[in-house]
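Chain naming follows the written order as A, B, C, D, E and F, and within any one chain the residues start at number 1.
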Amino acid sequence: MIPDFSEVYKKLTESDKDNSPLPPSRKEIISIIKEIQHLMFPEYFSSASGHSGIGAINELYLRIKHQIEAAFRFSSSEAGECEKMTAQIIESLPTIKEKLNKDIIALYEGDPAAKCPEEVILSYPGFYAISIYRIAHEFYTRKIPLLARLMTEYAHEKTGIDIHAGASIGEYFFIDHGTGIVIGETTTIGNRVKIYQGVTLGAKSFDLDAEGNPIKGVKRHPDIGNNVIIYANATILGGDTKIGDGAIIGANVWLTSSVPAGSTVYYNRK
Amino acid sequence: MIPDFSEVYKKLTESDKDNSPLPPSRKEIISIIKEIQHLMFPEYFSSASGHSGIGAINELYLRIKHQIEAAFRFSSSEAGECEKMTAQIIESLPTIKEKLNKDIIALYEGDPAAKCPEEVILSYPGFYAISIYRIAHEFYTRKIPLLARLMTEYAHEKTGIDIHAGASIGEYFFIDHGTGIVIGETTTIGNRVKIYQGVTLGAKSFDLDAEGNPIKGVKRHPDIGNNVIIYANATILGGDTKIGDGAIIGANVWLTSSVPAGSTVYYNRK
Amino acid sequence: MIPDFSEVYKKLTESDKDNSPLPPSRKEIISIIKEIQHLMFPEYFSSASGHSGIGAINELYLRIKHQIEAAFRFSSSEAGECEKMTAQIIESLPTIKEKLNKDIIALYEGDPAAKCPEEVILSYPGFYAISIYRIAHEFYTRKIPLLARLMTEYAHEKTGIDIHAGASIGEYFFIDHGTGIVIGETTTIGNRVKIYQGVTLGAKSFDLDAEGNPIKGVKRHPDIGNNVIIYANATILGGDTKIGDGAIIGANVWLTSSVPAGSTVYYNRK
Amino acid sequence: MIPDFSEVYKKLTESDKDNSPLPPSRKEIISIIKEIQHLMFPEYFSSASGHSGIGAINELYLRIKHQIEAAFRFSSSEAGECEKMTAQIIESLPTIKEKLNKDIIALYEGDPAAKCPEEVILSYPGFYAISIYRIAHEFYTRKIPLLARLMTEYAHEKTGIDIHAGASIGEYFFIDHGTGIVIGETTTIGNRVKIYQGVTLGAKSFDLDAEGNPIKGVKRHPDIGNNVIIYANATILGGDTKIGDGAIIGANVWLTSSVPAGSTVYYNRK
Amino acid sequence: MIPDFSEVYKKLTESDKDNSPLPPSRKEIISIIKEIQHLMFPEYFSSASGHSGIGAINELYLRIKHQIEAAFRFSSSEAGECEKMTAQIIESLPTIKEKLNKDIIALYEGDPAAKCPEEVILSYPGFYAISIYRIAHEFYTRKIPLLARLMTEYAHEKTGIDIHAGASIGEYFFIDHGTGIVIGETTTIGNRVKIYQGVTLGAKSFDLDAEGNPIKGVKRHPDIGNNVIIYANATILGGDTKIGDGAIIGANVWLTSSVPAGSTVYYNRK
Amino acid sequence: MIPDFSEVYKKLTESDKDNSPLPPSRKEIISIIKEIQHLMFPEYFSSASGHSGIGAINELYLRIKHQIEAAFRFSSSEAGECEKMTAQIIESLPTIKEKLNKDIIALYEGDPAAKCPEEVILSYPGFYAISIYRIAHEFYTRKIPLLARLMTEYAHEKTGIDIHAGASIGEYFFIDHGTGIVIGETTTIGNRVKIYQGVTLGAKSFDLDAEGNPIKGVKRHPDIGNNVIIYANATILGGDTKIGDGAIIGANVWLTSSVPAGSTVYYNRK
C-alpha cells in the first residue's frame, strides 16, 4: 500500500556526516534569548524554563556555555575559554538592561502613538529587535558570530528588522515600525538616533577576491553620528560614508557619500 | 564550578516593581485572537482552547474581561465598565465576520493568482492582517489602545503589515503581498480600496512639544477615498492629504498633498 | 454574571457549512515542511514527529497524501491520482536536496558576512525561503496550488520573502537579507542569480475581464537570465520584460522593459 | 571532547527493520480518545485538535481509519474493510454516550462523597476508565485488539484501573477509587454492578501448550450477574466461576468457585 | 469518500446544554497546583506560567478566583465571597510550606532508601500526594469540594495514592511507595503517622436512604492517633474505629473495631 | 482590587537558598528516558528532541552528563569522573536493548492475551517499567542514585509498578498488569521469573539507629531464584528470605521465610 521508499531513504542519508556533533541549536538559542528577556523584564516576558532566583541564572550559564561549545566546533574563530566568555556575558546583563531602559525612554518619547512606556516593552517591534541586538552584540564581540547571527535572525524573523550583531549602536536608539530596516555588520551609530521603516545602512559594493567572491572582513557600512534622524526607506551606503551629528535624512533619500553635521537632506519628488 | 552570580542577580532584580500586578499578557492576547478567528471561521482556524458551543463564548468573555482589567492598570484611558465593554466586543463579532466575508470576496476577485476563496482564508497575509485589524479596532474605539496595539503588532509580526488599530478602514479592503505596508493611527480609508506591498500611509512630520518630543493625539495621516488603488511602495503622507475617490497612485510614488477624485498619479522613471 | 450570548452564538454559527469536510490544515502543512527539512538536513532541523528511518518517510507519505486529498476538495484542479502524486513528491526529495546544497554554496560565497556554510543553513532567511520554495514548487507543478501556496506563505511569514510557488528558479540562487522580496507566479529566473532585499519581480498591470476583475492564468511577470544581479529595492515588472544574462540592476531601479545581456542599469540619484 | 559513539550507534541500529511502515501510534490513539471524549462531553473535555462541527467528526474518521490501517499490518486479525469499520465505530458514539450517561448516574448515586454529577465527569477515575473501556470495546469487537489495548492501557496508566477491552460490561457500572482493579479479557459483568479498589476478576491458571506457554483465546475469567457488589481487594478467579444476581462479595474475599444469586460472602478475619 | 455523519453529529449534540457556562477546568486546576508547588519549592518545581515575583502571586490569585467562581455554579455549597476565600487560600501558602517541610523530614528519616532530603522533594510519590492534599484541604474546608476533588484526583492519577481532601492529617506524615492507599473523607490522622502501600482507611458500610442510595455527609472513616504505623495493605474501616497513639498495625491486617494506644496488631499467616 | 500579597511573598521566599545551583531536573530526566527508548526502539517510541543519527547520541551524552553533574551536588556519593560515567552509560545501551528484547519475548509468550510482540512494546506497562528499570540500574550501579530514583519513580507513576533501581533482575523477566508491584532496593531476581499485580518483595522490619530512624544501606529484601512464579498480591519479605528455583508462590500468600527450590506455596482460603 505504501510504496517502497528505500532508494529515497538511501539517497537522502548517504551523505550525512554521521559522526559529527550537532551544531548549535536554533531552538535553544531562541529559548535562551527569551530567558534573558525574562530575567531583565520579568513582568513583561514570562520564562519558558519556569526557573526563578539565582538558580535560573546558573542554569542559563550552563545552557549558554553548551551552545558556545557547540558553536566553536563550527566557527572559524579561535576556540577560547568558554567558561570565561559565558560568565562575562552573564555579567553583562545588568548593563544591557540599563541600556534597554534608555531605549524604552527613547521609543516612548519619540512615538506620538505610544500611550505609555509599558506599551513599548510589550508591543514595539523596534524595542524587541534592539533588545535582541544588544544581547547578540555581546556574543559577537567575544568572537562567537554564529550564535550572534542566530539571535539577530530571530529578531529579523519576528520584526522584519535586520540588525547585524556586529554593528555598534549608541544609547537611546529609536526605531519606528521597522519592517525592512537593514543595518550592516560594520555600521556605527551614535546616541539618540532615530530610524524609520525600510531604512538601509548598507554596503556600496563588494571588493571581490581572485575567484570573484566578496572579500570578507572589510569595513563596508556607514557611520552615523549622534542625534541623527533617518526617515522611511532612506538608503545610506558605503564604508566611507559618514552622517554628521544632528543631520536629518529624508524619506527615500539615496546617499553614497558623507554629509556634514547639521545637514538636512531631502529628496525632491513631486 | 558555576561562578557566583549573586551580584548579577542583585543588580538585575533590585529595581523590580515587586508589588505591582502583571500587565496584560501578550501570549494571552494572541491566544484570544486565535479563539476569535476560530469562532468566526471554525473550518479554517482551529481552537487552541478546544472549547465549543456557547461555553466557548462565555469563556472568551471572561478571558477578554481579564485582559481589559489588566490593561486599565496601565493605560491612561479612563477606567471603565469592563463587563459592559467586553460584552460589546463579543456582540460585535458577527458584524466583524460579515465584514471579513466581504474582504474575502475583494481579495479573491482582486488577485489573479487566487484559485479559490478558501485559499484566501487559509493563506493570505492580507486577509490575516485585516481580520486582526478589524478585531483590534473594536478595542481601540473603546479606549483600550494597549490591547489593540498588542493585537495589531501580532499581525505585523506574522505578515509584515503594520495597520494601526486606530485607522478607520471601509469594506471590501484588498491587500496584496503586504510586506512593509504601514497604515498610521489617524488614517481613514473608504470602500473597495486596493493596496500593495510597501505602501506607507504615514505622517509628514511631527509637531514637537516644549521638550522636543512629538505631540500625541493629533491627526497626522492621510484620508483615502473609495475605489482607490495604491501600487507597491507608494508613500502618502500627512494629515491634510486626501486621495479622491477612484484615484490610482502608481508604484513608488511619493505624495504629500491631496489628489482629486479620478486622478492617476504615476512617477516617471526610466 | 456572564451575559447571555445565545444570539451571538446563533449568528456566528448559522452560516457554517456544517456538512463539509475540513480543508487542508495550515498547521499540518507547516509540520510537513519541517519534517522534510529534517529529512534533508537532519543535523540542522530537528523532527517534530520524532520518527526516524524509512518509517519516517512512510509516515510522511501518508500525511502528504492526506493533505492532497483535502486540497482536491477545494482546488479547481482536476482531481488526480493522489497516491501517485504523493509518491512522486517523496521521490523528488533527493533532487531537491542536491539543489539546496548548491544554493548553500551560492549563499556562503556571495555574502561577505557569512563565516561558514553551516551558518547559512542555520540562520539565513534566504536559504529558508528558497528551501520551502523548492518543495512547494513540486506541489505547484503537480497542480496542487493550494498546498503550494500554504507553504510559500509560511516562508513569507518567517522571512518576509514572498516567492510564489509557480515561479521557476535556476540553480545557485542567492538572496540576501530578503525582507520585502516579491517574486511573482510566472517569473522565470536563470542560474547563479543574486537578489537583495526589497526587490519586486512583479506584474505591470492586470488585464481585466468583463466584470472588471483581473484575468487569471496569464504570463504577467519578468524573465531573468543567468548570472544576473538585482540590488536592493529594484522593481522589475511585466510578462514581456526580459533581463539578459549577466545584467546588473542597481538598487531602487524601476524597470518595465527588457534589458540586453551584460547591461548595467543604475538609477542616478544624488 | 565527546567520545566516539559510532560503535554504539552501529549496534543500536543494525537490527532495525528499516523498511517496514510504522506501527499504530500510541500518542495518536490517546489523542483520538480525548477527541471522542470531547465530542461526547464538550463542556468537560476540551478538544486538542480544536476542530468543531461535523468537520471534527470527519477528521476523526480519517484519523481512526489511519490507525486501523496501521494496526492491520501488525494484528493477526483478518485485514478488513477499514472504511466500513471506522464508520461503524463513529456511528456507535451516540450509543456509547447514552451508556456513559447511565454510568454517571450510577457513580453519583453510589458514592456518598459525590457532591454533584458534574464532579463525576470531571474527576472520577472510575468514570474515566469506564468511558475509555466502552470506546475500546468497539474496537475489540471489530477485531482490532491492538488499538483497543492501547486505549485501555492509557486508562490503566491514568487511573490504575485495568479493564481489558474484551470484557463485556452491562449498564450502570460503578467503580470507586479504582486503583488496582483488574478485569480480564473474557469477563462478563451484568447491570448495576459495583466494584471497589483492588478487585481482581482474573484467571485461575493457564492451560499450557506443548512448549509450556499459555494457550491463547480460552475463556479464563468469571461471569458476574446483575446488581452484584464486590468490595475492596476481593479476588474472583476462573472461567467457570459465576457470581449470581444480587450477590455481595466482601472485602479481601478470595473466590475460585461459583456463588448463587443473593449470596453474601464475607471473609471472617479478626 | 467520507461518509455522511450528520445524523451522528445531531445525536451527539442534541442534548448539549448550550447556554450554560463552562465548569471548572481540570487542566487549569492542575496548572494551578503546579504553580503553587513552584512558589513553595522554586528550585524543585518549575513554573509553567513563567511568572515570577509578586506578580506571579497576583496572577495566581486571579486564576484561583476564576476557578472558584466556576465551581460555585456547580457545587451545592452556599455561594460565597469568592475574593475573600481566594485571598485566604493564598495567605495559607506559607503555613502549608512549613507543614510540608516537616513532612519532608518525616519522609527522609523514615525511609532507609532515601539518600538526601532533596530526593524526597524531587521523586517521592508520598510527598507529591501529601503536598497536593494539603493544598486541596484548604479548598475543602472553605466548602469548594469540587476543586478540592479535582486536585486530589490529580495526585491519585500521578501516584496511585487517593487521599480525600476532607481528611484531616497531622504533621510529619509519612507515606512509602504509596500505590493503592485510600484515605476516606472523614478520616482523622494524628502527628508522626506512617502508612505503607495499599493501606485503606475506609468505610465499613453505607447507611442507605429510602431509595437505596448511600446517605451523604456522615462520619464513615476511622480516627488514627499519633505515632501510629500501618504496614502495607492493612485495611481499617468504620467511623467508630479508633487506633490509639503509638499502635502498630501489621501488613494485611483487617480491622473494623478500635484498638487501644500502644497495641501491636499482627495477622498470623504462615 | 487584588489584595496586597507582599507579606505572603516575603514569607514564601525568605528561606530560599538563593545561591545554590539547581538540582537535577525531573522533566529533563523523563525526557532523557524517552530519548533512550527512541534510540532503542525507534519505530515504537518517537523522539522528543527530533534529533537523529550519531548527533542524537552525542546530544544525549551531553544531556546525561549535565544531569549527573547536577546530581553530584546533592548526592552523598563520591563525586566522580562524570564524563567517564556518562560514556559508560551510553555504551551500555546496546546491551540493555538486547536484554529488553528478551523481556519482550517473555512478556509475549507469558500472556495469553498478547496478540503479537509489537503489542508488548507499544502497550504493556510491565515492559515499560522494566525498560526504565534497566536503564536506571546503570545509573544506580555507578552511584548516581538520585537520577536512578527519578527514573524509576517516573515508571512508577506511569504504571503503578515500583521497582527500585538498586534491585538486581535477571533475563526474560515477566510482569503482568503490574499495578501495585513493589520490588525493594536490595532484592535479587533470577532469570525467567514471572510476577503478577500487587506483589511485594519488601522489607520485614527496619533496624533502627540510636535516634529511632531506620539504618540505611542494609540488605532488607528477598532473593528470588530462576523460573519462579509469584501470583497476584503475594507478599515476600526479608533480607534473609530466599525463594528457590522453580518455586510457585500463590496469590495473596504471605511469606517471611525461605522456600526451597521447586516448592509450591498456596494459601488456603475458602
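Simple rule for what comes next: a contact is a pair of C-beta atoms (placed from the backbone, for glycine too) under 8 Å apart; a residue touches a chain by one contact, two chains touch by 3 or more.
What you see is a predicted model, and the numbers here were worked out from it, not measured in a lab.
Most remote chain with respect to subunit B, judged by CA-atom centres, is F.
Residues touching across the subunit D and subunit E pair largely diverge in numbering: under half of the numbers involved belong to both copies. In this assembly, the C-alpha centroid of subunit B lies 48 Å from the C-alpha centroid of subunit E. Inter-chain spacing, taken between the CA centroids of subunit B and subunit C, is 26 Å.
The multi-chain contact residues of subunit C, meaning those touching 2 or more other chains, are 2, 6, 9, 16, 18-22, 42-43, 46, 51, 53-55, 58, 62, 160, 179-180, 198, 233. Put simply, subunit D touches subunit E in their complex at residues 39-40, 42-44, 46, 53-54, 57-58, 61-62, 83, 87, 90-91, 93-94, 97, 109-116, 118-119, 122-125, 158-160, 177, 179-180, 197-198, 232-233, 251-252, 269-270. Subunit F contributes residues 38, 42-43, 46-53, 55 to its touches with subunit C in the complex.
Within the complex formed with subunit B, the residues of subunit E that make contact are 16, 18-22, 51, 53-56, 58-59, 62, 66.
Of all residues in subunit D, those touching subunit F in their complex are 2-3, 5-6, 8-9, 11-13, 16-17, 20, 22-27, 74-77, 145-146, 149-150, 153, 156-157, 160, 162, 164, 166, 179-180, 182, 184-185, 198, 200, 202-203, 206, 213-218, 220, 233, 235, 237, 253-256, 267.
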